[in-house]
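There are two complexes below, and they share chain A, which is joined by chain B in the first and by chain C in the second.
After this line comes the complex of A and B, so read on.
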């Protein structure tokens, strides 16, 4: 049986990579990613949907995270993520 | 070789910078220029770059391009700040990198003035330097206190040695004829002075 995909889920996965692919050398917080993704899709993105999309990208190693000195989680796109954005 | 055909919006996003600027100008012409409709741009994309794109993809592309331009501007600003900071030999590469990250993540405080940002970083540095100086002074103060304690201890020891020497003289002067009780009293006193008495 085919999986029941919500088109928005797939769009958000792409948009998360798009957001992190802007100035890829600079990290972004989750709040920044949410703000950028909202600008890319025209608003209305739910934080939990965003987290699911980020989790999916993390599982596929398209994005990675690290903590700064203040224990704040920072997000980066990986080389694999950048390559994925080209197709 | 990959057989996957990139999405049309990915093709647009991966166009060279110059082409992206042309596409931006189609929608945001300079003064007196003609603003093209999305339909007209679809035709232009086909003509200039030899691939077709849907209206909805083009609409999404322009949203992307707007965000990209804003973030590129921010990155330029951060790079200017980093250059200014790099002119200061007291600022390490790690500090420059950290300052760059912080400024990049600081949303829209001052979008266009690299000098003000650099000044803010310098103020932060001066503040940190002040705190370091304070810590240094505190350490020096503690060191001084330790020295004072050490000196007092040495003074006490010297005094004890003098007193012990005095008792030794008495012991020597008494010689073998000194009564046992007196000798014991002097030795007791010496033990007391030298801290050997239990």
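After this line comes the complex of A and C, so read on.
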């Protein structure tokens, strides 16, 4: 539970939603989210940390995902996620 | 003293000659130190001992040493080449092993993340479905109605 109080973890959770909130109707791949989050926080984000942040948002239904025809996972922000960003 | 010699009729020019003559006489008689013997010109000969190497033996020995050094250098080069090859092989094997481990860990992470994503999506779908069902039904109210009906029937026809 101590990891939940890591400021970087919390920042990444917010930045994941922020990244997906750019053009919310258009899905983004994990690589695109990583690239946007790196630009938002100044780089150096580990892929595992990003996955943890995305998983946290997914468990809280702030984001959702689906696979396209190429079996590529695409990520969307949900209405709950947009509302969370506006708080 | 020169004055005395002059009185007895000896010229001053002769004084040095007389003194030198006296010193040589004393030296010859051994009064002024040990008599120095004349060095004779004798050729010194040092006999060679049997256990010493001759020049030809020494050159042969020197040649053997040079040959041994060459062989040792060849052996050293072989050993160095072997050790270098072995080190390079070990480094390559270690790097390959590290790459394989890194790939396996990365694949495992990716597969784990994908499975967790699937599970979360399924949970979210079920949660949304339950929310939709709950919005259109009222299980408590329906259960209450059912209970009331049962009680009404039970009052009408006591068991």
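FYI, the second predicted complex is superposed on the first by the 83 of 87 C-alpha atoms of A that agree within 3 Å, B and C clash if a C-alpha of one lies under 4 Å from a C-alpha of the other, contacts with A are read in each partner's own complex, and residues count from 1 in each chain.
The rule we apply is simple: contacts are C-beta pairs under 8 Å (C-beta built on N, C-alpha and C of every residue); 3 or more make two chains touch, one makes a residue touch a chain.
All figures in this text were calculated on a predicted structure; none of them were measured in a lab.
On the superposed chain A, the positions of chain B and chain C stay apart, so the two partners fit side by side.
When the two complexes are laid over each other on chain A, the CA centres of chain B and chain C sit 110 degrees apart as seen from the CA centre of chain A, to the nearest 10. Residue by residue along chain A, chain B and chain C are tallied for touches, and B comes out ahead. With both structures placed on the common chain, the touch criterion links A:22 to chain B but leaves chain C unconnected. By the touch criterion defined above, A:59 reaches chain C but does not reach chain B. Contacts of A:40 after superposition: chain B is touched, whereas chain C is not reached.
Legend: residue contacts after superposition of the two complexes on their common chain; A:32 is shown touching chain B, with no touch to chain C. Distance between chain B and chain C in the overlay is 20 Å (nearest C-alpha pair, rounded to whole angstrom).
Overlap of the chain B and chain C interfaces on chain A comprises no residues. Residues 109, 113-114, 116-117, 120-121, 123-124, 127 of chain C are the ones touching chain A in the complex.
Against chain A, in their complex, chain B makes its touches with residues 2, 4, 6-7, 10, 13-14, 60, 63-64, 66-68, 71-72, 74-75, 78, 100-101, 104-105, 107. Partner chain B is touched in their complex by these residues of chain A: 18, 22-23, 26-29, 32, 35-36, 39-42, 68, 74, 85-87. Against chain C, in their complex, chain A makes its touches with residues 48, 51, 55, 58-59, 61, 64-66, 73.
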